[in-house]
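Which chain is which? They are A, B, C and D, in the order written, and residues in each are numbered from 1.
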Amino acid sequence: MKTIYKNSAATEGLVLAPWREKLNEVIFGSETAAGRNFDLTLIVLIVLSTLVVIVDSVEEFHDRHALILDSLEWLFTLLFSLEYVLRLLCVRQPWLYMRSFYGLVDFLSILPSYVGLFFPGVQYTSVVRILRLLRIFRILKLSVYLNEANLLKTALFNSSKKIMVFLYTVLTLVVICGALMYVIEGKEAGYSSIPVSMYWAIVTLTTVGYGDIAPQTPLGQITASFIMIMGYGIIAVPTGIYGAELIKTVNEANLSNEACPDCGGIGHDIDANFCKYCGHDLGDLPSHH
Amino acid sequence: MKTIYKNSAATEGLVLAPWREKLNEVIFGSETAAGRNFDLTLIVLIVLSTLVVIVDSVEEFHDRHALILDSLEWLFTLLFSLEYVLRLLCVRQPWLYMRSFYGLVDFLSILPSYVGLFFPGVQYTSVVRILRLLRIFRILKLSVYLNEANLLKTALFNSSKKIMVFLYTVLTLVVICGALMYVIEGKEAGYSSIPVSMYWAIVTLTTVGYGDIAPQTPLGQITASFIMIMGYGIIAVPTGIYGAELIKTVNEANLSNEACPDCGGIGHDIDANFCKYCGHDLGDLPSHH
Amino acid sequence: MKTIYKNSAATEGLVLAPWREKLNEVIFGSETAAGRNFDLTLIVLIVLSTLVVIVDSVEEFHDRHALILDSLEWLFTLLFSLEYVLRLLCVRQPWLYMRSFYGLVDFLSILPSYVGLFFPGVQYTSVVRILRLLRIFRILKLSVYLNEANLLKTALFNSSKKIMVFLYTVLTLVVICGALMYVIEGKEAGYSSIPVSMYWAIVTLTTVGYGDIAPQTPLGQITASFIMIMGYGIIAVPTGIYGAELIKTVNEANLSNEACPDCGGIGHDIDANFCKYCGHDLGDLPSHH
Amino acid sequence: MKTIYKNSAATEGLVLAPWREKLNEVIFGSETAAGRNFDLTLIVLIVLSTLVVIVDSVEEFHDRHALILDSLEWLFTLLFSLEYVLRLLCVRQPWLYMRSFYGLVDFLSILPSYVGLFFPGVQYTSVVRILRLLRIFRILKLSVYLNEANLLKTALFNSSKKIMVFLYTVLTLVVICGALMYVIEGKEAGYSSIPVSMYWAIVTLTTVGYGDIAPQTPLGQITASFIMIMGYGIIAVPTGIYGAELIKTVNEANLSNEACPDCGGIGHDIDANFCKYCGHDLGDLPSHH
């Protein structure tokens, strides 16, 4: 994705004016001091503007400090609008940027304030501004946390098929348990329809257990007990899947994948200079130069 | 199981008419384009008919759209009945199919509508139709998710003995904790009998915690605290069991699947140079070059 | 423990009469058909008598079927008393048996009925009879589940020090969080004293969450949020501890602990005949004879 | 940290009087019998004084046994004050001790009683005394549990970056889910502002589920169902992270801790025959005989 915005051999034909090159480095890069300062300022602004949206939703604050909160919101909106325009100016392919995930998030972060200007009656649009929080992930992408996040994502990606199988099984359980409890408990106990019973089954299987709906007949409590013990066992499955995958991913990141040329042994640590099985010098492997 | 329905050397004596062979391929197979389309159509029909049953249980919809929902239900019933007859027609041993798990599920999916026709007063029979959802698992069996599902099942099967020991321990805990709280808290706090107290113990040990019954005396709260901390520790056990088994199962999937050319032994580590059974040099296997 | 009851070289001096030998074999052993039948009968009796105690606690049943339940209870008490006497008769050292864990459980299982005979006013003593359930574990000890249970216990024992450190940390957290919420929320919200607040902290940290006490002030809800996220992270610790230990225990049970005499390599599978590093014949190791 | 208090080559210039040396050994050390007895007495006093603070918070006890509880509290305060003075006397660098974590905890443990003497109106200061509980960790530091605690801490430290990434993701989810439910459910259902909705999101994602706020509209229940299933999957992540790290840490504790005699390299597998850094034959190390 970075190659869309930054100088590379592939987009060499599109030469930007020097000031736009410079701007690109500051806004999209994090190698220069200016780029890092820009990132830091942006994080602070995003967090502050999110706090304003959150605080504004508390009626007490909204009524008492309406002017300050509105002014702050407009300040942030103007700053983010300026940033959006600058981003459009300094990317090689503005249209590609606008349609990218982060381009849309950038746009949605400033839209609500302008919409509110023309349609003051439309409530709740301001809440969309909270999506600004997602923009921090773009900056995070360039940081020291990148490797860790990638490891977690790789493990998640590798276990996604297992998790899909698991989720479909859970969903089937939810539908069947929901239907069962709807028949057993019925409307009096709050299980007024299968969808509501399914909601209860999810609340129970995930061990959240609000207690807004709970079985009241002996038969219902027995059935619910079985469902709970099942949910108890089931919670072990995603943990096992993800844990096993994470261990594999971490291990693979720590092992050299080259065999000893002398004895064929593999599974050497990345920092090993000699084969641990036969003592052969590993220094002449390509990956050691 | 597939060998029951499909052509194989074992059932070669029972030769089907060509059109029934063709039908078998479409209905039970997924190798041909027609078979895959049939599977896809069936999944869509199953999901839609399940949705109709779910929506029908919401009183508001049931009252307002009774005619549409009923018509749809009959449409699905007729389609599934037709499918059931076709399945009977094209399998080699219809009786074996009818008594198989999926044969029964297929039958139970269409039964309630006909029962409702003759005994209109019998409520809730319609809910049995939700078992249709199970039929998707048969189709899933033929898909790319097969391997992942098998891995999860193998790990579950291998850890089943450990889980049985664990479940019996939990059950004993539930009975003893239930009896204890029944004595300590008594009827006033909602612990009206040992079965109800056991229900509370399950709700607590599984960390669901509805709160419909909760200890009220200091002694009861202290006892409940111990039970909760115990439950907290206990939840680690199935996760540990299943996780450890899953890691083992995944690792075994990482064992070389090539047999020793000398003794035919399998299960060698991928980094093994010599057959661990007969000492034969494994270096000349294709996977080692 | 079995050596206490059964014939062994160590207690050869104490020769039992042949009929007592025979009885010992039936009651404490599970190698003979009679022994296995005795075990099975006992399990059935224990489960039935526990069910009677549970059912008896339901007021409705207690009032309506008092005579049947009482008769059944006396029948079980007499049978278990007879069994207790027989056990005393056929063990070599009766006094040692009486003071052992299972000896005490056997005694406590029959005591309440006799106590109730002389002090009919003493309520709840009958609940002690539920301890009978523990007796099944003795029989389980002789079964195919022994190995699995031992594995789970070994892992639990090996991780007990880590779990102690973890439990003390959790307890400190509970006291400090409890004191904090007591100061923040106070009596109005139900946090009437530090012990009650500690009870709330346990309910929250274990993710049970009854909701009988819940924070109501904004500051209390913020503090509770931090406690919950902390509890969320903390639940990973016992699972990680136990899971890691279980994996180690399972692996150790699957590896030979003898080194190859030729190359010194260890970590061979138990069924390996040849060293996987140098191909040396492992057949002449003591454990292979 | 111990080097601050105890004799070592680095602080040899600061020679203490013999009686202060002796005192240092008793108070900070645990090698002598006197030192171990001091530690044990201190643990008992800390636990007792914590119990007094806890019991004192129960109104009933506070009213009835005010005199005893107050006297006990003053006894503990004086004892801990004496201990604090003695610690100051026998450390080489008192100022360094006072500013250290445990120095502050020691000071905060005795402060509230004196503050209460001069400002009797200030409520709740007494609760600060509960921090005394933290002092036990200092003593624990010297015990047999040190290694286990260090293992747990090392694994926690090594996984801290992954956990930070995870926590930021969860926080973003909490804000977005909170805002979403605030829009969907609104004030009537208790979601009176985004902060309150965020509190609900945390209660739900951590599977605590008090039930003080719960979705009531169908759309809210559907959204909540998705959030719960997400939380269900998410709980696997910290467990997986910590479990994987703990397995790695335990395995590393299984690495040979002997240095290669030739190059001084450490971290060899226990089954390594040759130094993986220089190829030196490790067979002549004592642990290989």
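Going forward, a residue touches a chain if its C-beta (ideal position, glycine included) is under 8 Å from a C-beta of that chain, and two chains touch if they have at least 3 such contacts.
Keep in mind that this is a model prediction, so the values were computed, not measured.
Using the average of C-alpha coordinates as each chain's centre, A ends up farthest from chain C. Comparing contact pairs by residue number, the interface of B-C is reproduced by A-B among A-C, B-D or A-B, since over half of the pairs coincide. Separating the centre of chain C from that of chain D, both taken as means of CA atoms, is a distance of 30 Å.
Between the CA-based centres of chain A and chain D the separation comes to 30 Å, rounded to the whole angstrom. The geometric centre of chain A is 42 Å away from that of chain C, both derived from CA atoms. Chain A has residues 195, 198, 207-211, 235, 239, 241, 243, 247, 265, 277 in contact with two or more other chains.
For chain C in complex with chain A, the residues that touch the partner chain are 207-211, 239, 243, 277.
Remark: chain A residues 50, 53-54, 57-59, 124, 127, 130-131, 133-134, 136-137, 140, 144-145, 148-149, 151-152, 155, 163, 167, 170, 195-196, 198-199, 202-203, 205-212, 235, 238-239, 241-243, 245-247, 250, 268-269, 271-281 touch chain D in the complex.
If you check the complex, the residues on chain A that touch chain B are 161-162, 164-166, 168, 172, 175-176, 179-180, 182-183, 192-195, 198, 204, 207-211, 214, 218, 221-222, 224-225, 228-229, 231-233, 235-237, 239-241, 243-244, 247-248, 263-267.
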